[in-house]
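This report refers to the structure that appears directly beneath it.
Note that the chains take the letters A, B, C and D in the order they are written out, and that residue 1 is the start of every chain.
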Amino acid sequence: MQYLIDVLSQGSLYALCALGIALTFGVMRLINFAHGEFMMVGGYVLVVAGDIPVWAALLSSVIIVGFLAVATERIAFRPVRNADPETMLVTSFAVSFLLQSLAVLLFGSLGRSVRVFPPSITGVMHIGGLNIRWLDIITVAVTVTLLVSLMAFMKTRHGVELRAAAENFTVARLLGVKANQVIGTAFAISGVFAAATSIVLAAQRGLVEPTFGTTTMLFAFIAVIVGGMGSLPGAVLGAYALGLISVTSQALLPLGLRQFRDAFIFLVVVLILLLRPEGILRGHAARVRI
Amino acid sequence: MTEDILSATGLVRRFAGVTAVDDVDLSVRTGEILGLIGPNGAGKTTLVNLVTGFDRPDTGRVFLDGHDITRLSAAQRSRRGLVRTFQGARIFGRLTVRENLVVSALPRLGSRRRAESRADELLEYGEVTALRMTPGERLSAGTQRIVGLLRAVAAQPSALLIDEPAAGLNEVESDQLSRLLSAISENMEIGMMIIEHDMKVIMSLCHRVQVLNHGRTIAVGSPDEIRRDPAVLTAYLGSSSGNAHA
Amino acid sequence: MSLRTRRSALTVSATTALLLLAACGSPGAGGASPSGATAFVIGYAGGLSGMLEGFEKPALEAAKMAVEDINRDGGLNGKRVELITQDTKSDIDQGGPAGQALLAKGAGALLVTADYNFGGGAARAAQAAGVVAVSVGAGSPKFGVQGIGPLAFTMGTSGAGDGALTAEWAYEKRAARSAYVLLDDTTDYNKDQCRGFQTRWRELGGVLAGQDTFKNGDASISPQITRMKSLPKTPDVIAFCSYAPGGAVALGQLRSAGIDSLILTNSGMDGTYWFEKSMPELSGVALPVSASVWGDDPAEEVRRFVERYKEKTGSQPQNMYPVLAYAAVQAIVQAAKESGSTKGADMAEAMNKFTDKQLLIPVSFTKDTHIDVRRPARMLVLDQGKWKTDGLRSLKKAPPLFAE
Amino acid sequence: MTAVIKRARPSVAADPAHWSTVPALALLLTLVCGVVTLALPQYAAVTVLALVGVVFVVGMQSFAGNSGIFSFGHVAFMAIGAYTTAITTIPEATKKILFPGMPEIALPAPLALVAGGLLAALVAALVGIPLMRLNGLAASLGTFALLNIVYNLANNLDAITGGSTGVSSVAQGLSLTHALAWSAVALLIVWTYQQSGHGLALRAAREDDVAAQSLGVAIARERHISFVVSAFVCGLSGGMYAQASGSFSPSSFFLVATFGFVTMLVVGGRLSLTGAVLGVLSITLLREGLKVVEQATQYTGAVEIGMSAAMLLTLLLRPLGLMGTAELVFARRGESR
C-alpha cells in the first residue's frame, strides 16, 4: 500500500514530464532532449526567485520556461522542421548542451539548494499506518489538474487543431490549420509542463544543478515510447507503468541484485516493447497505412 | 484447382465490427489477367493485403501454386513468387532506379551480379535505361509507376498483384503503362491480378473480372459479362448515388 | 553539373585546408612556454569548466596561492615556480591530451583532477614522461603505484578508511549501536566507504539493522525510505555512502520522511550549498575531512589559509579541496627541494619518505601506498545548519585498502 | 587534388558504388592525421583518439545509415570491446594486484582487438534476435536499453570490470600507424557490407519497409546482419580506445559518449560513409580549435557555445549533414558526370 503511494508519486512526476515531451513529439516528430534543460531553467528560476512569495515564483517559472520553449522552437527547431527526426534530435542535443553550459557558466556546477514550498507542507502525514508526504499529494494533484486542463484545452478550437496536427500534419495543413501557430502552441504548453515538472522536482530534490532534468527527462522519454508514440494518454499510462516498474524492482529485488536494478528496469522495458512494439496505447505516429 | 497459380478460399476479415472482406474466393491462372473492381470501400485493398500477407485473414486460406501460404509473411510469400505493387509506387527514394530493381531481383537470384544483369535487362525492356542511375525520388509519378512495375517483375513473380496502376496518371502515361502490363503478361509466365478504377484499363487488359461490394463477391466473368451484369450496375449506381447524398 | 562537382571538390579542399590551418594555427609551438632554465613549471590539468568546475576552480585558486607563497619565500632552489593550466572540460578523454599539452609546454610536475578516472589520463601522461603527478584529492587507492605508476600520488583519503573512521567515531563517541547501510552504488569510492564502515562496525560489535542501495540519479528514494521505515526500530546511525547532488537529494528525503538517525557520510557531502535553502536547520550529519573550511579547524594554519582564501577570492570554500590543492603544490616543491632534483623519479623517491610532513595538513606516503592512510581526520558535524569540527581523530584499525 | 565528391543526383550519372571510396577516405585520414601529428606533436593523442572515433562512427553508420534506425546503444559494443581487450592484455602480475577477479586469458594486442570485436558481434547476434524485430523508435529505445544494461553491469560487476573505477594499466600504445591501419580495416568492412546485397536490401527497407517486404526482403534478418557487422567494428573501436587511452571506466561508454558520437554522425551525414569520417574530423577540429581560442582569450564557455552554434548552423543549412548521400571518390576531371 505504501509502495502504491510511491508508484503514484513517481509515476505522476514522469507523467508531467512525459506529457511535455509527447506534445511536441506529436506535432513534429521531435524527440526533444532539451526538455530536461527547460526543466533545469525552471528550477533555476525558483533558485533566483529566492524569497519572493511562492505563487510569484511559480508563476515566473511557468512564464519564463514557456517563453523559452517558444523561443527555442522559433530559433532552433523551426528551420529544421521538415528534416528527418534524427536531424531534429541532434538539434535538440545542441540546444540542451548549450543551455547546460550556460547554466554552468552562470551558476556553477555544484548546484544550488532551493525551497519551493514552506516547511509546513513538506512534512509527512500519517494516515492509518501510511506515511504520505504532502509532496506526493502535491505531485499527484498538479498532474491531475494539468491533465484535466489539457483535456479541456483539447476540446477548444486550438486544441482540436493541435489534435488534428498530431494525427496527420499534412492533412491538417490542407484543412487550413496554421502550422506555425499549432507548433508554437504545442511548445508553449510543453514549456508549461516542463515548468510544472521542474517545480515538483525542485520541491522533491531541494537542489538544482545543471543536470537537474536529465534523468527524469530520459525516463519520461522512455515512458512516451513505451506508452505509445504521439499518444497523450499513452504517455501518461507509460509514465505510471514506468513508475510501477522502478518502484517494484527497487522494492522486490533481493539485496545482492539490487545494484542491478537499472538493468532489470530496462529489461522489463524491452519485454513490454516486444509484446507491444507500438507501445501500450498505439499512437498515431506509429500507424502505418498501406 | 491445380492450374491456378494463385487462389484463395473463404477469406474473411473484420475490423472493429465491420466485415471488410466477407467470404471471398478468387483464382488466377498463369497467363491470365484478373481484374478486381468495386466501389470505394468494397474491400479491394484489404483483399490484396490478405492475399499478399500484409494482413491476416480471420478465416480462409491462400494458395500459391497449390501450396498453402496462409501463414507465411509478406516477405516469404514474395520469395515464393507472389509479388505486389502499391497504389503509391513506393519507390526507394534514395536508391537509384537500377538499385531499386536489383533489390527486388536479389532474394530469388541470390548473386549480386545476376541480379544486376536481370535489372539491366528489365530497364531495357521498360525503356528506362537512361534513368538507371537516377535516385527514385527524382522520378515523375508516371515513371515511378513504371519503375515500380518493373521492380515487381524483377522479383520473377509467378503471380503479380497490381494495385491501381493508373490512378493519377494522365492518358499518355496510362496507355504506356497498359502496354507494358500486357507485354509482361504475354511474354512472361505470370498470373496477374489488377485492381483499377479506370474501366478502360480494366476492360482492355483483363481476361476476367471479379466485382466486390461491401466485402462480398457479387460477380465474376468476362469483361463483357460484367458490363451487362445488373448486380454490378446496381452496386455502382447505388453506391455513387449514395455518395452523392452523403 | 560540373559547377556542382567543382563546388563539392571545393568543399573538401576547403575542409582539408581548414583542418591543416587550424592545426598549425594552434599554440604550443607558438605559445609562450615558460623557460625551464629559470623556472620550475607546474601544470594543472583540471576540469576548469563543465561539471567538475565547482571543485576544480577553487582548487586552482588555492594552487595559485601556494605558488605565490613559495615564490615569496625564494622559490625552488633559486628558481621561480610557475603554474600553467589546461582545461579538460570535465571530459575523461581530455585528461590525457591535457596532460600531454602541459608536458609539451615544459611542466616539471602535474596537478590533476580529484578523481581517479578524470585525473588518471593526465597522470598517466606524466608517468610516461617521467614526471610526478599529484591528484588534488582522488579517493581511490589505485591512484598511485598500483593503478597508474610509481610517479602518481593523491592527496585524498580512501573510501574504506573514511568509512571505518566514521564507524569508530559513531560507536565510541556517540555510543551508537545499530546501523543501517544506505549505499549509492554509482561509484567505487561509495562502495569502499560502506565496505570500510561495515567491516569496522562488525569488529566493534555494532548491530547491522539493514542495508539498501540507490543511485545518484534517482529523483526519489521513496521505496528505500518505505523499507527503512518498516524496521521495528529506527537505527541509531545510517552509513550514507553517496555524494552531492544525488546524495543531497536522498538525504533531504530521509529527513523530510521523519528519519532522524545520525547520518555518517563523506567529504562528497561537505559544503552548505546543497541544504542552506532547502533545509536551513539541518542537523545530525557527520563526515570525516582532512581539513575543515568552516572556520574552526584545530590547526591554526588551516584556519589562516581559509581566511586568506576568502580574502583573495571573496568566497567561502565549499569543501577541503582548496586546502588539498595548496598542500599538493607544497608537496611537489618540498619533494624537489629534498631530493635536490626536478627529475620525476627523484621527487617520487622523496615523497615516498613523507611521514606526517606538515604541508598545511600532514601528508604521509610509503613506497607502495601513495594515498595517505595515516592522516588524522576532522569529524565535521552539522548542527542547525552549521558545520562544526568534532576534534581530530585517527583510525585505530585500518580496513584493507582494496576489496577482497 | 584528384579526390572529388560525387553526388547521387540525376545530373551526376555515375555509379554510387564506386570502388575508390575506401582508398580515398583512407588517404584523407592519412594525410590529415599524418600532417597534424608531424606538425603538432602535442596533438598526437588527440589524433589517435579521433581515429578511434572514426572507427566507431563508421561502425555505427553501417547500422544507423543503412537501416535508418537510430541507435543509442552502439557505445555498449565499444564498452564490450574495450573490456575484452583490457582483460586479455593486462599482464598477469598487474591483474593479480588490481583485478583479482579477472579471468586469466592473455592475447597479443591485435588479436585482443579482434576478440573484442567478435565478442561485441556475439552480443549483438544474441540481443539482436529480439531487438531487430522492433521498428523505428521502439528499436532505438531497445538499443538505449542495451546501453543502460551494459553500463549497469560494467559498473557493478566489480570483480570482472573493476567497477566504477574501471580498468587501468592496459598496455598503452596505439601508434598512429596502427590506428590508421585499423581505420582502413573498419572502412573496408563497412564499405564491403554496404555494397553487398545485404546492405542494399537494408537500405531499401530504410527507404520503404513495406515495399521492401513486398519484394521479399526479410527486414529483421537484414537488420540483424547489419547490427552484428556494426557491433564488430564498434567493438574493434572499443579495443582501440582501451589501447589508446590505457584506462577507462563504465562512464567512458555512456551518455556523454553516445550523444557525442551521434552528433558527429548526424553533422557529418549519416547516410554516407564519408559523412561519418568527416563528422568525426570536423567536430574534433572544431572543438580543438575553439579550445585554442578559449585558452587564448580566457573566455570560458567559448567551446560550448561555439560547438552548439556550429552544430545548429550545420543542420540548418544541411539537414542531411555535411555530406548528404555523397561519397568521396577519386575521379578524373569530368569522369564523375
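Here is the rule we go by: contacts are C-beta pairs under 8 Å (C-beta built on N, C-alpha and C of every residue); 3 or more make two chains touch, one makes a residue touch a chain.
Being a predicted model, the structure only gives us computed values, none of them experimental.
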Note: chains that touch chain A and chain B both are D
Per-chain Cα centroid nearest the overall protein Cα centroid belongs to chain D
So the chain most remote from chain B by C-alpha centre is C
Two candidates, B-D and C-D; the one with more touching C-beta pairs is C-D
Whole-Å distance, C-alpha centre of chain B to that of chain D, is 42
Per the C-alpha centroid definition, the whole-Å distance linking chain B and chain C comes out as 71
For the pair chain A and chain D, the C-alpha centroid-to-centroid distance in angstrom is 31
Shared-interface residues of chain B (touching two or more other chains) are 54, 86
Residues of chain D that touch at least two other chains are 9, 156, 210, 300-301, 304
Within chain C, the set of residues that touch 2 or more other chains is 49, 185
Chain C partner, complex, touching residues on chain D are 1, 3-7, 9, 11-12, 28, 31-32, 35-36, 39-46, 49, 97-98, 155-156, 158, 163-166, 168-169, 172, 245-249, 251-252, 256, 278, 281-282, 285, 288-289, 291-292, 294-296, 300-301, 303-304, 322, 326, 328, 334, 336-337
Listed in rising order, the residues of chain C that touch chain D in the complex are 1-2, 4-5, 8-9, 11-13, 15-16, 18-20, 22-29, 48-49, 86-87, 89, 91-93, 96-97, 100-101, 104, 116-117, 120-121, 124-125, 128, 140, 142, 146-148, 185-189, 191, 403
In their shared complex, chain C is touched by residues of chain A numbered 2-3, 5-6, 9-10, 13, 47, 101, 104-105, 108-115, 122-124, 131, 133, 135, 201, 204-207, 209-211, 214-216, 247, 250-251, 255, 258-259, 261-262
Interface with chain B, chain D side, in the complex: residues 8-10, 13-16, 196-197, 200-201, 203-204, 207-208, 210-219, 271, 325
Contacts from chain D onto chain A in the complex sit at residues 70, 130-131, 133-138, 141-142, 144-146, 148-149, 151-153, 156, 210, 255, 259, 262-263, 266-267, 270, 300-301, 304-305, 307-309, 311-312, 315-316, 319-321
